Structure formats: structure tokens, C-alpha cells
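Take a look at the structures below.
Next, two complexes with chain A in common: one pairs it with chain B, the other with chain C.
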Partner chain A sequence: MTSSRATGSRLSWIGAVPFLGYVALFLLLPTSLVVVQSFADAQNRPTLANVRFLAEPYVVSAFGNSIALSAVSAVIGAVLGAVLAWVVATGHPDGTLRRIATAVCGVLAQFGGVTLAFAFIATVGTQGLLTLLLQDLGLDLAGPWLYRLPGLVLVYSYFQIPLMVLVFLPALDGVRPQWREAVETLGGSTWQYLRHVAVPLLTPAFLGALLLLFANAFAAYATAAALISQGGVIVPLQIRTALTSEVLLGRENVGKALALGMVLVVAVAMYLYARVQARGARWLR
Partner chain B sequence: MTAPPHLGPAATSLATAPERTGAGLHARRLRRRKMVRGVLLAAFAAFFGIPLLALVEFSTRERGAGGGRTLEAWKAIPQYPGLPEAIVASLQLAALTSVGALFLLVPTMVWVRLRLPRLSRLVEFLCLLPLTIPAIVLVVGWAPLYLWINYFTPRTYQSTPLVLTFAYVVLVLPYAYRTLDSGLSAIDVRTLSEAARSLGASWATVLLRVIAPNLGPAILNAALLSVALVLGEFTVASLLNYVNVQVAMNAIGQAEARVAVAVAAGALMSVFLLLFLLSFVGRGPRRVRSTR
Partner chain C sequence: MTTSTTPASAGTRAGAEVRLESLRRSYGAVPALDGLDLVLHPGELVALLGPSGCGKTTALRLVAGLEDADSGRVVVGGRDVTRLPASRRDMGMVFQAYSLFPHMTSLENVAFGLRLRGQAARERHRRAGEVLELVGLSAQADRYPHQMSGGQQQRVALARALAIQPTVLLLDEPLSALDAKVRAQLRDEIRRVQLEVGITTLFVTHDQEEALAVADRVGVMNSGRLEQVGSPTDVYHRPATPFVAEFVGLSNKLPATVADGSAEVLGVRLPLVDPRAEPGAALAVVRPESVGLTPAEGDGPLVGTVVATSFLGAVSRVRVDLGPVGTVLAQLPTAEAGRFAPGARARIGLRPEPVVVVRPHE
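Let's look at the complex of A and B:
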């Protein structure tokens, strides 16, 4: 018995081999390829040319656009999402509204890609439902704005707001009604309650959600690709160009350098997120 | 609970007559809150509802400026060149991916719980890693791998999109892991497997006939999530030059917008239906437990 147990535990790591092997091959290897080949040329000799490419003006502006787009859509998504989360949280905890809202938000937060782009083209595109309706009222919605950064901000809000609701709702639930009652008993006003209790308590959760939304928008590709069929306004679209167009001599690994740049930006956001989470977890549970 | 910032006179008089004004303040605040909530809900419902309505509306428009309704675009879906194949490919990918992810994860997670608890943090970290690496970054890394996969695929299967399964399993890992992990936490894996083992069951029997049935809802949940994710996947397929339903849809969008929008609406409805089913699957056992 003891000997079979001993060999069993010595050999038990074999059970994890298929999973670890798969993950190593299809997750860790591709990721390390991105990192390593960012610093290599087509013949796998070390070079800094790809990374230097990141300093070219149009790449810098693509990163600027990506960060601006992600930041703006994160702020809009976080503010509006927090409002919607408040509406949901102040309802009946087991009510229909809450059940429907969380289910719908769960779906919409994952909803993106080509379908979302089409939905907005069908709404505010040249022949869109809303465009045609407002045309009769003398308002002109149509224009190229949908296919540029302002359009992306609008379209991204469609999945950012629901994500915010999902992330922020538990934090709002953690705010006890008793705290408000305590403020009222002590003669405090609503403003004082917000200023000294609710806002300070919710700030870490809000900031954390903001960072999560930023990373979410920064990583999004499909919706932008379906709306903007050419060019590289934002970094993911630059990567598309690098992967699909004719590869220029000496530029074979530029896509990897762009991807590395994205990883770094997301890593900073996630690091800050972890820091904020650690601070906020104390009160709200 | 928070309330909209409003500083009515009632709020300031709270201190002078707490009993009566307190009650009035409460009623007024509730009424006001109800109204604000109603307006906000309507606005959000419009923002999220109108684009979905527009999808359906656009796909049923009659050609030309007549303003009539027709199902022409929907009926064109099965005949559109390349489209049925792409739909079938996406469905096959969805099935392969969910089965693949389950076969990879369930035995590993059970095994780690029983024999290798030291590895649990590592497995969790690896499974959640794809959440932090953007899919577009992974595609860049997969591109050279897929050159190799292509090289080793027999010529007759050269352009089949089914090889995307390898990548898709990685993409669904975080979601499948989370649902399975919460499922496994709810049952006593150790006792169940020790009981079965002491009665002479093999490890395969333990997994398939003892653990799996107990994990039923979690497994179904993970599978449905994977299906929903794969049906909507565009990034990886399009950049690695494989055709799935989303890639086909995007291409058709340039030529025949109404058909493309009809496919989008159809795909969306099936995903909504799936996730709607899922919300029942997820709730089933919990409700049973709470009434007990």
C-alpha cells in the first residue's frame, strides 16, 4: 500500500502533462514568439530595427489614438455603467429587473465583432434606421464619423457599459443601507453621505473597473476591423496591415513589435488594476 | 444604496423635526428616485435595443426605396455562395472547441484537486492568462505556428478552418475554467472519488460516471459559453486566413449588405438563445439547494 502510494505521488504529475503541454504549445510558445521575434530579423538574428519602428510617427500616432480611444470609451462606459448599476442595485435584490439586467449585460459585454459593427451601420449608417427617421425631421446623422474614432467610441460603449455593470454591481451591493441610515441619524445630508461615505468607499472599485474597461477597449479588434476596412488608425489595425499586406524587406517582424507594444500597455493597466483591487477589497464584501 | 445628489429643503430641516419630516423626506426621496430610475432605464433600453432592432429592420427591407418588408435576404442565406459552408464550419468549430476544452480541463482540474494541489495556482494562472493577452497579440504568435500546422496537414484538408480549434480552445480556457472551477468547488471531489476507487472503479470510471454527472450543469455551462464565443469569433479566423461565419459575413457585407445583416441577426439570435438557455442551466441547481 505505502509503496504504491509513493510511486503514485511520484508519478502523479504525469496527469497534468497533457494540459501543461497544450498550454505550453498554444499559449506560452506563441506569446514568447511575439516577445523574442520582436527583437529578431527574418533570419532570426538579433536586431532592434522592429522596436525602432515603433518610434515612427504614424505608429506613435496609432498608439496615441488607441490609448485615447480606450481611455475615452472607458470613462464613458464607467460613468454610464455606474449609473445603470445604481439603477439596478437600488431595485429589488431578487426582482425581475435585476435578473434581466444582469443576464442582458452578461450577453452584451461579450457582444462585439462584426455583428456589432453591422448593428450600428444599420442604425446610424447612411441607410440606417435612425438616420432615415431623423432625416424626415431634418436632422442629418449620416457621415463618415461612424467609420472614424468618434464612431468607435460610440460603438465600444455598447459593450463597455454592460461590462461596467457586471464589474461594479458587486461593489454597489457592498454598500450597506445601514451606513446611510447612520449618516442620517447623525444629522448628515445626502451630500455629506455621498462626500464622506459612498464616494470614498466606491472609488477603488470604480478606478479598478475603469482600468479593466481600458484594457478591454485597447484589446478590441473585430469591431474596428469591420467598421474600418483599410488603414491603421489604431494599433490592432496596424497589426492587421503588418500581417496581411505584402511584407517589406526587413519589416517581417514588425507585427510582433506592435503586439509587444500592446502587451506592455495592457500589462501596465493590469498592474494598476491589481494595485487598486488590493486597496479596495477591504470594505466592500 | 446611493441616491442622486439632491439638496431639498427637507434635507436641511431633518435635524429640527426628525419624526415627521423624516417620513415625508423618505417618501419624497423614494418617489423621486423611482422617476429618475424610470427615465434612466428607458434611455439605456433605447441605446441597447435600437441597434438590435435596426439589425432586424435592415435585413427585412425591400430592395429600392419602397419601404416594404420582405424575407428575401433571409431566404438568400442558404444559397449564397460560400455562406452555408462557413456556417457549417463555425458550428463544427463550436462543437470541437467545447469538446476539446472539456477534455483538456475536466480531467486536469479533477486530478489537480486530488493529487497535485500545489499546481492549482499555476493551472488557474495559465487558464486565466488569455484574458490578459489580447487575442490580436496571440494571433501574431499563432501565425508562425499555423504555418507549421499547414505544412503538416494533408493536402486535401489544407484549407479547412477546423484547425482553428487549437487556437479557440485557448480563447475559451478562462471561461470554461471559471465555470468548471465553481462546479468542482460545489461537490466533494475527494470523497466521491475515494468512495468510487475503494469500490474498485478505474480512474476513467471515476471521471466519466462519478464526477462528470455531478458536474453536469457546470459542464453544460462551459460548453455553451464556448459555443457562443466560437460562433462570434472573427479576429483569429480572419487574420489567419480561414473562413468561418463571421469572416464570410464581413466579406458579404461589401457586396450584399442585407444578406450579411440577416446572417448577423441570425447568428446573434442563436447566441442570445444559447445564453438564455445558459441562464436557466446556471440557476437550476442553486434554486434546488435553497429550497432544501
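Let's look at the complex of A and C:
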């Protein structure tokens, strides 16, 4: 019996092999290459020259922009998404609102890249439909703002908000109605319930979702690339420049050093995410 | 089971009378509560017992103020609280599922109601400690709910409800999520604490054993109405309606003829719980423990074949096939039941205890 159980336990890993293989091939291997080649020159000799680029003012500025863009779009997405998720969660669990909202959010959370950029250009770009409409009404939206950081914040929020709904909804579902009723029977008000019970319980899940949104925005490339064709206002665009520039050649490993910087930032965010998620999951399971 | 001496100050205020007067509540067109009248005497524990959907939880939630009655009144200690919100009714409640706040320790959970009342930290922690001692959980004061068993969590929930010194304690199936052994232990613990504190208590359950074991009186509910309110003994031995007779305890329905204030069942004359029962053909509701068995050979109207036996510890149940009459369930001491293996022949005997009769179509 014990032997067959042990064998079963060993065999249970077989089901995870495809996933582990996928992770090894598309996460661990590229990350390892990025790390190793960040410290190598074009001839694969060890060097610190690539990582020294991380201290260049324009690279520091790009990291600052990336972090600011990610943080602002994450906060906007988290706050508005949490409110929307709360509205959905207060409805019937099998209701039409919930089914429609989760389906729509599932699509919109993945609706990024060139398509999303084009949708915004066609709507609020210099010759966009809404821009022209508002011009007729005397309001001038035209200008390059869509192709700069404020524009990116708006466009990123478009997929951050629905992502927040999807990520935060399970946490809201985990808040038991009995907790509110317990507070009521103990003599508490709605405000006291929110202050002492709901908010403290949901804070880890909210912070976790916020970090996830931060990482999501920090790693986003295609949308920004479609909107901003020149320069490297954020790190992913700096990497593009390093890899594809026809002016400055042989800077591929600088791109990898920039990627290493991104990996480190995302790793910190994901570490914090795992910590707060563990606490929140324990409370709201 | 930990037993502890009640700290004098851990008690609540003296129990209050609770009156439910013609309470009605419907969900859409479905009536959940159809004119409930019930009086809980000061310090009394009344169990509301009934199947799922009978309205017992609705009744409790109306008393708690968690739902509004369509009509009727809830009067506590002479004060009409029907229109008061739950937060101002001064009632302690223990919920069915674990409702402890998961981010607070046991002590913080118990002290929470006092915190809401603005009591100073030192004083509320002292009192929370006393109430935790009352439920035998002083040693778990610093533990979080996820670090405690289900039974411990419900004891903390009981302590939390009592810490605010409510006038009424409401228990909404507090034992239903626990395993059998813990359920029995905690059931006794709840009764001990309730008696020590002397608080008027309404206990809702679908478990008849639980209700009969802890309550001063049991109210049996069906389809939003009270079928009977009485002591556990009355409800079990003198059921007022066929529903109560069938719902509380196991029973056999045996063909009977009612005449002259008694019923003839399988050739035996038995007294009636309600001597006013109409004469004629009926079905007598007979408890398994009122059925005796003796080994038999050959045939006869009261002789049948054992078809199944169930071991329940000190007692066993034996099912005997009587042919055209159907099967009869008998409950015997396990030592006796050993003589009746499946296939054995057995003679049925009925003890002369009062029976309820129902018409065949009921």
C-alpha cells in the first residue's frame, strides 16, 4: 500500500511535465540568456560595460518613466476596477450583469497592442472621430498628448481596469455576508464594518492586484510601440532601439542589460505580490 | 471538554422575555413565515426545529433584525424592537458558518463588539479574556481562526456573542458544520454556558437530536408555521400533529382501527395521544422503541422475517418484514438485537404507549 502510494505520488509529477517544459523553454532559458549575456560583450567576453549603461541618465529616465507609467496606470486601473468589481460582486452570482461583465472584461483585459493603439488613434488621435467631433463643439483635443506618457496612461488603463475586475472579483466573493451581519448584531455600523473588517481583509488582495497590474504595465510593449515610433521614453522602447537601431550597431547586449533591469523590477513586484497574496488568500479562502 | 468556573462578570444581564407576535415574511409570492406566535420566557432556551425551508432561520433573522417582517411584532423585555436595526437590538448571534473575522485573533474577535461600543482597550481585553475562559478557550486567545478547529471557532463565536452582554442569544444552526463528536460536545457546552449565564436563547436547528438534547422547549415548524411547542418529552412522546410525529424521531406507520378512544394495531389495543381521534380506519405512528421482538418459529399475523439490522452502538435497529402489513422497525438494546440476524424469524410485540393516528391519505 505504502509503496503504491509513493509510486502514485511520483507519477503525479508526470502531468506537470508539459507545463514545466514550457516554463523552462520560454521563461527560465530566456531569462538565463538575458542574465548571462548582460555581462558579455559582442564576442561573449565578460564585461560590465552593458550594465553600466543602466546608470546613463536617459536609461534612468526611461526606467523612471516606465515605473511612473506602470504605477499610475496600475493605481487608476486598481481603483476603478475595484469599484467596478464591487458593483459586479453585489449583484446576483449567476446574474446577467456578472456574466456580461466578466465576459467583456476577459476580452478587454487582453485587448492590447496595435489594435488598441489604432482604436485610440482613430478615436482621440489628431484626426480621431471624437477629436473632430469635439472640435466642432469648440473643444480642442488635438495635440501630441496621446503619443506621450499621458496618452500611454490612458491607453494602458483601458486594459488595466478589466484586468483588475477579473483579479479582484474572487477576493470580493470571498468576503462572507456573515461578517457584515456579525458586525451589525454586535452593534456596528456600515462604516465600522468597512473600516474594521472589509477594508483590512481586502487590502492584501487589493495590493496584490495592484502589483500585478504594475507588472502587467511595466512589461507591456506592443501598445507603446504602436503609438510611439521614435525614441525610448520607456524601457521596452529603449530595448527596441538597442536591438534594431541602424545608427548605433552592436548594442544587443545593452538591450539584454536593460531587460535584466526590467526582470529585477518585475521580480521585486512579483515577490511582494506573492507575499500579500499568501496573506489575503488565507483570510478569504 | 474543558469546563471552567464562570467568572461572575462574564455573565450577561438577566434574561428577558421575547415575544414573537403574528410574524409574517414572504419572498415574492412564497410565504416563508406564516403568522408565527412564540413566547420565550426569561432565561429559557427554545429550539426551533424543522426541515429545510420551514421558516425557522427566517424567524431567527427577523428576531435579529437582519430581515424585516412583512407584519407582526418582535417584543423583547416589553420593548417593541420590530423596527429597530440589528445594530440596536442588543442581541448576540452565532452563525451557521464560521463567521469569525479571519484577520483578528480569538481575543480580538471576542473584544470586537466592545471595541465598537468604545470601551477602552484594557477593559475590553479583560472582559474578552473572561468570556474566553467561560467557553474554555483562554489558552487560544492569541490564535487566529485558521489556526483553530471548527469546534473551537464556534466556541469563540459564542464568546464573541456573549461578550457584549446581550439580552438575547440567537444561535443559527451553530453546530451544523461540525463533525458528530464535536457537535455533541459543543452542544453540551452551549447548554452549560447558557444555563450559567441565564440568557434567553433561541436556537435554530434541523437536527432533532440536538434540539431535544439542549432545549427547555422545542418548537417544531413546518411550512412557515409552528406545529407544536412543548418540552422535548412532550414533542417526542405526545406529538400534536402527524407532521411532528413523523418528523421527530423514527416511526412506523401501521394499519389501525380507532374506536372508543383507543387504536387497535396488529391486534393490540393502544391508547391514543388524542382520544378525540375520529373512529375508523387509520395509520398508527409507532416509535421503533415501542416495538419489541422475540424469536419465533412458524407463521402468524405478528411473525415476520428479519431483513436488516443496523448497529448504532448501545442500541441496534432491526427491520422485520411482516408480509402484507409491510416492514416494521424495532429498536433494541444491541445485546438483544444479536439474536435477530437477517433471515431469522421474529415475533412483533407492541408496548402499550400512546400513539398518534393519521388518516391513510395524510
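Following the convention adopted for this analysis, the second predicted complex is superposed on the first by the 250 of 285 C-alpha atoms of A that agree within 3 Å, B and C clash if a C-alpha of one lies under 4 Å from a C-alpha of the other, contacts with A are read in each partner's own complex, and residues count from 1 in each chain.
What we mean here is this: a residue touches a chain if its C-beta (ideal position, glycine included) is under 8 Å from a C-beta of that chain, and two chains touch if they have at least 3 such contacts.
Since the model is a prediction, treat every value here as computed from it, not as a measurement.
By the document's definition of touching, neither partner reaches A:Thr96: not chain B, not chain C. When both complexes are overlaid on chain A, the residue A:Glu184 reaches chain B and chain C alike. With both structures placed on the common chain, the touch criterion links A:Pro18 to chain B but leaves chain C unconnected.
The partner that reaches more residues of chain A, of the two candidates chain B and chain C, is B.
Contact with chain B, but none with chain C, is seen for A:Val87 once the two complexes are overlaid on the shared chain.
When the two structures are aligned on the shared chain, A:Pro200 is found in touch with chain C, with no touch to chain B. The intersection of chain A residues touching chain B with those touching chain C, taken from the two complexes, comprises 184, 187, 189.
Every residue of chain C that touches chain A in the complex is listed here, in rising order: 64-66, 85-93, 95-97, 99, 101-103, 112-113, 115-117, 146, 160-161, 164, 170. The touching residues of chain A, when paired with chain C in their complex, are 176, 178-179, 181-189, 192, 196-197, 200-201, 282-284. In the complex of the two chains, the chain A residues touching chain B come out as 8-9, 12-13, 15-16, 18-20, 22-23, 25-34, 37, 80, 83-84, 86-87, 89-91, 97, 103-104, 106-108, 110-116, 118-123, 127-130, 157-158, 161-162, 172, 175, 177, 180, 184, 187, 189-191, 194, 198, 202, 215, 218-219, 221-222, 225-226, 229, 236, 239-240, 243-244, 255-256, 258-259, 262-263, 266-267, 270.
Put simply, chain B touches chain A in their complex at residues 1-3, 5-7, 11-12, 14-15, 22, 33, 37, 40-41, 44, 47-48, 50-55, 57-59, 104-105, 107-108, 111-112, 115-116, 119, 123, 126, 129-130, 132-145, 166-167, 169-170, 173, 228-229, 232-235, 238-239, 246, 249-250, 253-254, 257, 260-261, 264, 267-268, 271-272, 275-276, 279.
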